[in-house]
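Each of the next two complexes has chain A plus one more chain, namely chain B in the first and chain C in the second.
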Partner chain A sequence: MRQAARAEREQPSSELILDVRNAVHRYGSYVALHGVSISARRGEFLTLLGQSGSGKTTLLRIIAGLEMPTSIETLDIGGQDVRTKPAAQRDCCTVFQGYALFPHMSVLENVEFGMRVRGVAAGERKTRALEALGVVRLQGKENRRVHQLSGGEKQRVGLARAIVTRPSILLLDEPLGALDERLRIDMQSELLTLQKSLGITFIYVTHSQDEALTMSDRVALMRGGRIEQLGAPSDLYEKPVNRFVADFMGCSNLIAGQVSSLEEDGRVVLDVEGHRFSGRWTGRKAPEKGARAHMAIRAERISASPGGANQVPGRLERAVYKGARIEGMFATPIGTVVANLGAPSIPLGTGVVLRWDSEQAAVVPDDEARAGS
Partner chain B sequence: MNAGWQHHRGWRFLSAGGGFLLLALAYMPILWLMVLSFSERPLSAIPFPLTLGWYEQMLADTRWRQPMWTSCWLALGVGALSAILAAAVGRSILRLNRPGRVIALALMPLFVPGLTIGAAQFLFFRIFLGLRLGIWSVFIGHLFWALPFALVLTLVIYSRFDRVLLDAAADLGAGPWQRFRLVEWPFLRPAFFGAGLFGFLLSFNELPRTLFLRGTTTTMPVFQWAQAADHQSYVPISFALATIVVAVTVPVLIGFFRIAFRQDDRS
Partner chain C sequence: MTSQAHSKRTLDWDKLVVRTFLVLWLAVLVVPVVMMLAFSFFTTEGMQTVFRPTLETWKTLFSSGRWFVGVRTLGFAFMVTAVALTAAVPFAFWLSKRCSSVALRSAILVAMTIPFFLEITSRTIVWRFLLGSNGPINRGLEAIGIPAQSWLLYSEPAVLFGMVILYFPSMFFPIYMAIELLETSLLNAAEDLGATPWQAFRLVVIPLAMPGILAGIVFTMVPAMAEFVVPQLLGGFNVNMLGNSINAALAALKYPTAAALSAFVLLALVVLAVMLRVSAKRSGVLASAAEGLQA
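This part shows the complex of A and B:
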């Protein structure tokens, strides 16, 4: 259902709505952002993905105007330079982590707030607020107090409060972080539907790679105040540019070795303690012979059946039940390899040959060592 | 079965009884004084026969009126100014990165005896600066007595305020004044009025600092103290007077508790 929502949406237009170039931010001697550049097109769903401390929220707050960057070359929203404009005058609106609803106001007053401070007449204000509450399916709850709402309802009020001001960009800071699993999945598809129908650009901050993959047009994976990789979800998933990206995107096997030869079709052969494996090189720079590299191969793409250029003997040591799949931990000469087990499962201790296709395996460079940060 | 002395039901009666006794000891003297202010022979410790005579005498007497006015105006001024200052200072303190030391420094005067502070302020204003003391120096003495209390109250109530709400308001298009009026003030309001009323009470009842700083000004507590120390026939009237003072104080006190500790759905 989520995938369906994703697939049927139109492509975002080519018009740039957000342009950030070389944003630097320091807190004292700590550098939160090392010259980040990113842009978004009108109607795009752009996700800033990363762990806490990666700089994703700082970047979001700089775009919103809630934080003034130490230096920034360009910050355009809708073609307008907003570097010196306060948050109140920027054409974007934030859905805060933890909602930040005004506890001394009713649901309706919360949603009306943005229009009230802009001097919209009371009648129009109420009509538009009720309409926005309808969009987020909170009809009939306009007179509730904030503390009477559930987490999911608070989230919707925060959303209604932001979209009712009709911003060009909606900034969402871990909006689903506080919700339980089930609700989060429902809200994901609801947010997508909403974004599509409103045609607003979403800049979405999350630490969940699952959310990023499911919802985004493009994902920027951040670490230590830099963007490690920016691209379509499938790019990050299938073509990680380094070990960190492969690992963060949930690749279960990262096998370290040395680049031993370069093939003409762009594949490389990796030497792992005498065993040779081939895969697609996905690093940014061209591979170098003898360089340390990793083979990134997902558990679901390894089989114990014939076929596949890469193979290694293994013995099943442990099986972990995951509901939809069973993960097998195999002891092999190159260390533990995780591969999904088919049904019926094989008994522990069984020796098999694990195989995978070189097309399914990415070979990534070691993470670049960084001076300074 | 005896569950052991720690679980004996006697403890509950002891704490309930002890609490009742303490409250009785706190309120009995005041109530007794009020009762005796209606007694024909107040120094006899027997209420009857009752009379309104002392109140008539008090109303006929004009000597206490000026001190009463002085105290009321002084208390109003101290209450208002300490509320404003505490709100301004409290807001700033909670925006500091490490407010602990500043708070400690600001609250220290609470623990210095009133007579000490009064004497110190007297030396400073009268001897060091060579100024003529009067109502202005009493006002300053009272203000710096009320201010730390007002500040404590403001800090406690205002610390419940989450400043991310100001970010949200700015983000939604509110300018600085709108952010204060629509988002911050509703949280600050109970602290503001609570601090004002508490400042009023502290000033209205203040004696030790006033004794040093008053010059020739006489406040109500100074007047009552002088009368009580006098051993003159004025004593019975001062019972009535004290009753009037309580009658002023209690409504203010009730107002203070209602405002400062109101439980509502704001937080």
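This part shows the complex of A and C:
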């Protein structure tokens, strides 16, 4: 479903708007970025996904010019080398996490700020600011003071203030982090619509895999100052390159075993304490016989109905009601397996044979060992 | 019913506290000021105060040229405030937002509080030695071939210098506090939106630091108007200030004169406060700065 929605969106052009190569950043002895490279095309929605401390915000601040990297090979915005340029002279603008609105200015003055410091005439400034406020649906609120606004409204002002100067790239630092669930979902689709209509490249920082999956053209999943995997949301979801990615993308079953045989069609057979399962190998490097690996299989892809190359007997131990589905925890010879239960739930203690197709199971290597640093 | 009775009792109690406070405040602050104003309309005859209302003392104040001391004092207070303000704002900004060494910042903050623990005379008198004609500064000048500068001590520049040093911490701390409260992300945002460092300073830092700046001006200007130690120590008899005149008048038991001079200072300060308030209101800095603090 998600892929279908994304395919309908306009494809970003092939023009490279952002090119970062080998960005290294240290705070004292702590390395925040270990030589990260990333690029974005004009009109692309690129998400930097990761937990706090993964380096995603540092990378964003380096692109913005608010942080000077310890070393960087390339930092081009719109084909222009901006490595030594201050933030004020870069063709990008940031929407800050805490909004960072100027508390001593009205909504209108906040939005006008970028044009004011560039010396745009007062009349034009006001017209454009009001237009931008219209885009974020804040008509009639231009004379409000910042402290009179709700969180969602502040968010919109921050957005209007950033887009009004028409930057090539909009950098968004967890922009929906402080909003409540309902508002966040509304803002997600609004941001997407806005991005599409403006054609601005969005670099979007978030820790929510759900946000990343719903909104992005591409996602860079970061950990410990490195990019673990960069690709379309479906790549990260269906073809995780290692255990960490599978886990972070919300895969509920990660079963550890050993690669026992390699098939010609890219499938591998995994040996888990004598039980054999087959699945697609999605690791970056070719699998090796005998190597430790994990089978990543999502709860919604396991069923009790016949069919599927993989099967294991299980007994229902616990059922968790999740609204749209019921999650069943099954005790099996290979440990607890989580599978979604059908609408008429089965009683606790029922023994079933859990089955899943080898096409639906990804086999991933252990997380790569970090060499040095 | 009971809760109503209870709240009524609490209300009475509140009223009592407020009234007691008002009475005390009147007795301690307002009455002396009114008495002072009253005294300025009396005269002295042979060490005795004559309690007959007259404008004589005020007339003498102007005819004797003592009013000019008031004007000079006002001018000095202005200059001291202006110099301290010009130095304190950029310095406070640097210390709060640009000084990356925590150790250096703490050291400077501690050093800035030390003057509050020292007695004014003892820390001002040091300058007499340093600035004197045989002091190290003049010796140093002579050593490099410049003749000793006699105006370094017992002069208006010496008094100005001494007072700026004395009042710098009073100007600095409120401004530092205000800038410290300003979130760094606002400066990032200004820079990110294309502001030059000067624009960010002018459009974001100054307006948000305005409550601190106004407090600093009051904390500097008011005591500077009444300052008499520094003019006496560093000005010798060459620089006479209102504070010195008041002291001299008191020593000579000329209470009406002292009262008139004090009233003059008070009047000048009231005019100043009104001016500050009007100008702040006109530019809207107070209202918006207060909002800034609320947010």
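Here, the second predicted complex is superposed on the first by the 363 of 373 C-alpha atoms of A that agree within 3 Å, B and C clash if a C-alpha of one lies under 4 Å from a C-alpha of the other, contacts with A are read in each partner's own complex, and residues count from 1 in each chain.
As a working rule, contacts are C-beta pairs under 8 Å (C-beta built on N, C-alpha and C of every residue); 3 or more make two chains touch, one makes a residue touch a chain.
Owing to the predicted nature of the structure, the values given are computational and were not obtained by experimental measurement.
Chemist: Identify whether chain B and chain C fit side by side or clash on chain A in the overlaid structures.
Modeler: On the shared chain A, the partners clash.
Chemist: Which holds for A:161: it touches chain B only (first), chain C only (second), both, or neither?
Modeler: both
Chemist: Return first, second, both or neither, reflecting whether A:102 touches chain B, chain C, both chains, or no partner chain.
Modeler: Touch status of A:102: both partners.
Chemist: Applying the touch criterion given at the start, work out whether A:276 contacts chain B, chain C, both or neither, answering first, second, both or neither.
Modeler: Touch status of A:276: no partner.
Chemist: Which partner does A:315 reach: the first (chain B), the second (chain C), both, or neither?
Modeler: neither
Chemist: On the A-aligned overlay, A:64 touches which partner chain: chain B = first, chain C = second, or both, or neither?
Modeler: In the superposition, A:64 touches chain B and chain C alike.
Chemist: Touching A:285, do we find chain B (first), chain C (second), both, or neither?
Modeler: neither
Chemist: Please identify the positions on chain A that touch both chain B and chain C, taking each partner from its own complex.
Modeler: In chain A, positions 64-66, 86-89, 93-94, 96, 98, 100-104, 113-114, 116-118, 145, 147, 161-162, 165 sit in both the chain B and chain C interfaces.
Chemist: What does chain B use to touch chain A in their complex?
Modeler: Per the touch definition, chain B meets chain A at residues 162, 164-165, 167-175, 178, 182-183, 186-187, 265-267.
Chemist: If you look only at chain A, which of its residues touch chain C in the complex?
Modeler: 64-66, 86-89, 93-94, 96-98, 100-105, 113-114, 116-118, 145-147, 161-162, 165
Chemist: State the interface residues of chain A toward chain B in the complex, per the touch definition above.
Modeler: Answer in residue numbers: 64-66, 86-89, 93-94, 96, 98, 100-104, 113-114, 116-118, 145, 147, 161-162, 165.
Chemist: Which positions of chain C touch chain A when the two form their complex?
Modeler: Answer in residue numbers: 183, 185-186, 188-196, 199, 203-204, 207-208, 288-289, 291-292, 294-295.
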